[in-house]
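Per-chain residue numbering starts at 1, and chain names A, B, C, D and E are given in the order in which the chains are listed.
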Amino acid sequence: MKMPPALPRLIALLILVAVPLVEHNAYWLHVFSLALIAAILALGMQLLLGMAGLLSLGQGAFYGIGAYVAGALAANYGVPFLLTLLAGGLAAAAASLLLVPIVRLKGTSLAVATLGFSIIVHLVILNEEWLTGGSLGLMDIPKPTLFGVSVADDDVFYWVCLVILVLVFVAMDRISKSRFGRALSAICQDEEAARASGIRLAWSKSKCFLVAAFTAGVAGGLFAYHSRYLSPSDFTFNESIEIMIMAVIGGLGSLSGAVVGAFVVVLMPEVLRSSGELRMILFGLAVILLMAAGNLGIVGLASLAAAKLFGLFSSARAWVSKPREAN
Amino acid sequence: MLRINNLSVSYGPVAALRGIDLTVEAGETVALVGSNGAGKSTTLKAISGLVPPSGGTIEFLGETLNGLKPEAIVERGIVHVPEGRRIFPRLSVEQNLEVGAYSARAAMRRRRIREEVYALFPRLRERRQQMGGSLSGGEQQMLAFGRAMMAQPTLLLLDEPSLGLAPIIVEEVIRAIAHFRAEGVTILLVEQNAELALTLSARGYVLETGQVVLTDESQTLITHPKVWASYLGEKELEDT
Amino acid sequence: MIYDQFLQTLLGGLAIGCIYSLIALGISMIVRATDILHFAQGEVMMVGAMTGFSSGVWAGNAPLLALIGGTFGGGLMAVAVELGVYRPLRARRVPLINVVIATIGVSIVLQNVARLVWGSEPLAYPALFETRGLVISGFTVSPQLATIVVLSVLIMAALAVFFRYSRAGIAMQAAAQDPDAARLMGISVERATVNTFAVSGMMAGAAGVLLGSLFFASFNMGFITGIKAFVAAVLGGLGSVPGAMVGGLLFGVIETFSAMFISTSYKDAVGMVVLILILLVAPMGLFGRAGRQV
Amino acid sequence: MAALLETRGVSRRFGGLLAVDSVDLDVTEGEVHGLIGPNGAGKTTMLNLLSGHLPVSTGTILFAGADITRLPSERRAAAGIRRTFQNLKLFREMTALENVMVGLHASTRAEIFHALLRTRFQKREEADIAEKARAALAFVGLTALADQPAGSLPYGHQRLLEIARAFVAEPRLLLLDEPAAGLNASESRHLVDFIFRIRSAGTTIILIEHHMDVVMPTCDRITVLNYGKLLARGTPKEIRADGAVIGAYLGKGAVAAAAAVRKAEAAHAAH
Amino acid sequence: MAKLNRKLRSLLLAGLLASGAATAALADTVKIGVFGPMTGDAAAMGQSEKEAVDLAVKEKNAAGGLLGKQIEIIYADDAGKPEEAVNSAKRLISKDEVLMMIGSISSPASLAASQVARQMEVPQIVVAGTAQKITTAGNKWVFRSPVPDTKLVADLVDFIHEKFPNYKKFAFLYVNDDFGRGGFEAFKKAGAKYGYEIVAEERYARGDLDFTAQLNRIKASGADAMIEWSRYTEGALVAKQFAQIGLTLPRFASDGVATPKFIELGGNAVDGVMFTTHFSPATVADIPAAKSFIDKYKAAYGRTPDAYAAEAYDAITIAMLGIEKAGKADRAAVRDALAKVEFGSTRGAFKFDEKGDPLLVTHVVKIDAGKETNARNIPVQN
């Protein structure tokens, strides 16, 4: 008697697909594309934090690595669009191997060690001019083309981002329902019991970092084409913190939550622009208030509200106790 | 003095106490015995306010304690020495004792009582600058008692004071309990070591899976087969 | 000449390190008492610097009043966020990560409110100390840095005395080490937590005044400094008071010496590499203990 | 029958405390071996040493003739040693079925790319372990609750679920740490039946338990620990009749201590 | 569900705004977008930008506005970040439908936004970004108010060569971002002309507080003089620590310190610093526009304007002149008109070169006893 969990997702997808048909404003399309890219980032973070419980503040670094690798390949060697995205993802994944020694750290120690990684990567981007253009940034990233057709128009690029987001979403969904995803959840909920079931912690965690880094790298590649100019100041550790907020705000552990969280974190400051001086204050207050939603997140609250609103059968109770259902 | 009526406590889905009745009169020492998980510690925690009752009432000197915070209950003279001693490992012995006399009713006379503690446990005086965590198990138990003395209880709740201690230390425990009794302190004692508990007490309650199954004079209980059964299995007893 | 440089670098590192220590102490105390990673501690420091500035200026450039004003400003701000934000969140039993993110929200709000209240321009503190270098038996010593080290040491000593002898200080430690046992001793854990925030805010506020007098006060001075202090606290062992002191000093000295001898471009990276190496050997930091952790 | 598990002089030290003090344990293949003793006797520590959750301080552990002393717990799990935990360590937010499927982790192979592409191999493996997991749930009588989050199950069912998670991997040795804790009388009786059925499936069991009405009927042999040392071993009947065991439980020292009480009280009164 | 509703609503709202904006172009105001770091580390510069623009626009509107309409300024905050600058520019152009844009302060933010300006064909006047790249990328839609760092540095080098012919060895200290890096690269290039040798290259990160390591190395480097490319916040700290470790080298600095705040923060430690700028109260004697600007600014905000304010004031003035000259609210016409603007700015006679950079006379200012003085007049030091 429950609403099929796929239905809200399907509706959301249709709306996302329709956005450029309804909204032609370049600014909004630009910001929505940015939100889609952020959603990819947040999905990677959800794998780390929501599924495996690994509080990593290194995602911003992988995002930067992906962006610079994709951007540099496109700008300097004319590598085609999709290949540069793949290269960005792979480079980030390769860089994640550097984190293997620290995956055994927990909680705060892991967070701060990965924060340190973010800072180091930022400094490399800033200081290695020969590689990244240094503080003056990486310019002249060409417009993206797909099989010889330009996909640089705001609406087309938006759809490209959306397709990649959907692919990543489906991938994460499949992972979460696989042996690997179960192992990560098990690690998250009880490491000792996971070991007692034969799960190798360091191995699984390293793989988790690798997949999340790849995702962030692809998002970085998209960002390179979205902005077409990369500057070190877009890849500070603040980025990592923002990604963490995205994953939590929508609903920890929920894939839809990650997407919604990314939209909130990207769109809210833009919507709040009209409030002028108070903009960031309101944003900060909103973040604090949303945290009161607990682990339900926005998606959990929304489905709760929906369930209440429509008096949907008897499912309300199940929605509360199982926010995961709602994603 | 203490009157417990139909007290129930649940931890999530698990019912730890299923409606127990219990009374302790002023100056008495009463033992609560029973095997692991019978609900002994939970009873003490409910009295001292650490866990909220899901039903029933706890009355102390005519006042209902339900809903009071632990720190308010301490102010009424109920002092709970928890299982596992729970001394503060990164405070010195002297600081631990100081914390014992934190409540307003105990703070006034803390210097004098501290001397009494040191007189009773000279080892503590020797080690008064050491961190609590660096003491041996026996010394920690002494410190826990000293801390309770500092609190100057009218009703003392003791949870497994002999647990994990060598027999020679158990004698120290007995000495400390005797001290409290001589001071006229009422004691509710939880012990797995039933013989010890019943030797020290006048009356006892036997708990099993959250219910009082038996209550009587300690002298009677000490030979009662049901007590034995609650430890080593009832069914087996029948065919012995 | 080279000794002179070495000593100057060391003194500079120690002075910065002292300021990190003061902030890190607060971060550590808060973690110990509540498990919260307080990302807004740097902003509390900033508020201290600002209120210190305002009270100092109001009182006609009085350094002592600036210090007092900053200390209390920081303390009050920390108590305000505890009572206004963290306690209500804890009461709702939200997961710890939510509270941690709320601290980031607090940091954003404080920074931007301070920008509106005190403006976006940096504020120059009145010269609290002599700024010219003093040459003592061939060594150039900055009285300003020396004063900061001395003041910080005094503040930390006062904190040690407070924790060691005062009933409130002992109660705060007891509540942090074993909240249930502390309750059984009649300690209100809620009040002890507020006290913890107050003391940690006061330390941060004092650090803000010292930092402000050494450099200047501005609405954005807290974030980076706060993050560095955070790293220092983890380096020393989150939750350990001596760890926070040593971690802060160590981090400050590493920072200045790596700028001196390794690379100014990568000086922050050196600190991070040291941090990661230390965590690999001692996952809980130098003075860390297993135990209450996130 | 051959010894499945042997320990030789196994000790574990925590700071100054010897929690387990050179214990020799022999567990025969196919038996239910009880491990009892008063609170704080070192039973759970011993179990943690056997499962690899704690490293031994000294001594060796042999499993099916192989030295596993240095093997980490996940490798021991893969080798066929499974356990439950005294304080229930379930994956609370996963469904009961998923919990049991995690138990089969070590015997499955599907990698990430299988999951991403939904390969036939992955689908078959998933169907396979889901079926096995359902069978295990049926075995403990939880079929109806397969899709409920583990954390929302009644306590007794959680205990059974944890056993199912350990049992589903068809371990050679199953370590049960106080499985009856928190169970009511009828649940305990159910547990006793259940242990018999696991045993008849050929699994060797080490059982830590306080509830003697669970231990006595199920165990073939019992080892008693006290203060970390081996106090006695034998059949349930022998153990019940052992004076040292009774003393350990009821406090033999206490009789002498009682005299001390009176003396102390008299002294205090005089003072 | 609530999520969907909200999204729908915001979409509807956006649609309404877009259609509203389309009509607004015909409406009764001339819209100019101004963006810069209103929050974040560079917020003080954004503040100067906003104040200067407000001042100019208020005055113009009081005098009847532009093209017979009032000027409406729409501010956008980019927090000094390129990513947000792009958002701001896109928003100003396509949502607010501004006629043209002014901004930003930092080079990366200005550069990133200039790509939007180019793509969407909207004129942009950069307020303070000095990276040469901004105008050399062949982007005809971008102009800038300050001179590029290459020119500024070349003028400084000429000045040093003229007044201090004996200096050959230099220590260069710079902030490790586009600004400092640009200054350093320019100095290397310009100094080569006179055979200058760089004996110490030292950098620091934005927001750093301690510079003793760098200064100590400079002290040991045997340089004749120190060149420093800092903004005034770090610059003031450098000056203080310079004094504390007992350095006495002559110091030359960038226009990043061309603000009264530098002296306020640095106190007597900044005495003796010589810096290049195009705007300083010390050099306004012959520039009537500067004098009146300073007076008006002081009257409005109670403080002396800094170089950022002057650059922003000139930028908005150029914009207004250009729009007036174009005679219609048409972006292409405005662009062409802007290129031809010539007027007496707060920094002297102003006109753009073919790349869109201004042709201005560079001044060198020496701080003397807490006052900015014109260093042109100092005697040659042998």
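The rule is simple: a residue touches a chain if its C-beta (ideal position, glycine included) is under 8 Å from a C-beta of that chain, and two chains touch if they have at least 3 such contacts.
For reference, the UniProt names are A = Amino acid/amide ABC transporter membrane protein 2 (HAAT family); B = Amino acid/amide ABC transporter ATP-binding protein 2 (HAAT family); C = Amino acid/amide ABC transporter membrane protein 1 (HAAT family); D = Amino acid/amide ABC transporter ATP-binding protein 1 (HAAT family).
Since the structure is predicted, the reported quantities are computational estimates derived from the model, not experimental observations.
Novice: Going chain by chain, each one touching the next, work out the least steps from chain C to chain D.
Specialist: Counted as steps through touching chains, the separation is 2.
Novice: Trace the shortest chain of touching neighbours from chain D to chain E and give its length in steps.
Specialist: Shortest path length, in steps: 2.
Novice: Touching chain A and chain C alike: which chains?
Specialist: E
Novice: Among all chains, whose Cα centre is located farthest from the one for chain A?
Specialist: If we average the C-alpha coordinates per chain, B ends up farthest from chain A.
Novice: Tell me, please, which chain's centre (mean of its C-alpha atoms) is farthest from the centre of chain D?
Specialist: Between chain D and every other chain, the largest centroid distance is to E.
Novice: For the chain pairs B-C and B-D, which is connected through the larger number of C-beta pairs in contact?
Specialist: When B-C is set beside B-D, the one with more contacts is B-D.
Novice: Report, in whole Å, the distance between the mean C-alpha point of chain C and the mean C-alpha point of chain E.
Specialist: The mean C-alpha positions of chain C and chain E differ by 35 Å.
Novice: In angstrom, rounded to a whole number, how far apart do the mean CA points of chain A and chain D lie?
Specialist: It comes to 42 Å between the two C-alpha centres.
Novice: Centroid from C-alpha atoms only, then distance chain A to chain B, rounded to Å. What do you get?
Specialist: 53
Novice: Which residues does chain C have that touch at least 2 chains other than itself?
Specialist: If we look for residues of chain C contacting two or more partner chains, we find 112, 265, 268.
Novice: For this structure, enumerate the chain pairs that meet the touch criterion.
Specialist: In this structure, the chains touch in these pairs: A-C, A-D, A-E, B-C, B-D, C-E.
Novice: Which of the residues in chain A end up touching chain D in this complex?
Specialist: The contact residues of chain A facing chain D are 171, 174-175, 177-183, 185-186, 189-190, 192-201, 207, 211, 253, 321-322, 324.
Novice: In their shared complex, at which residues does chain C touch chain A?
Specialist: The touching residues are 31, 37, 85, 88-89, 92-95, 97-99, 101-102, 104-109, 111-113, 116, 227, 230-231, 234, 238, 265-266, 268-269, 271-273, 275-276, 279-280, 283-285, 293-294.
Novice: What residues on chain E touch chain C, complex-wise?
Specialist: 39-41, 43-44, 46-47, 176, 202-205, 207, 209-210, 212-214, 216-217, 219-220, 233, 236-237, 240, 243-246, 261, 264-265, 267, 269
Novice: Which positions of chain E touch chain A when the two form their complex?
Specialist: Listed in rising order, the residues are 1-4, 7-8, 10-11, 14-15, 17-18, 38-39, 75-77, 80-83, 86-87, 90-91, 93-95, 107-108, 111-112, 115, 120, 131, 133, 137, 176-178, 180-182, 205.
Novice: For the complex, give me every residue of chain D touching chain B.
Specialist: Residues 16-17, 38-40, 153-155, 181-182, 184-185, 210-213, 215-217, 227, 236, 240, 246, 249-255, 257-258, 260-261, 264-265, 268-269.
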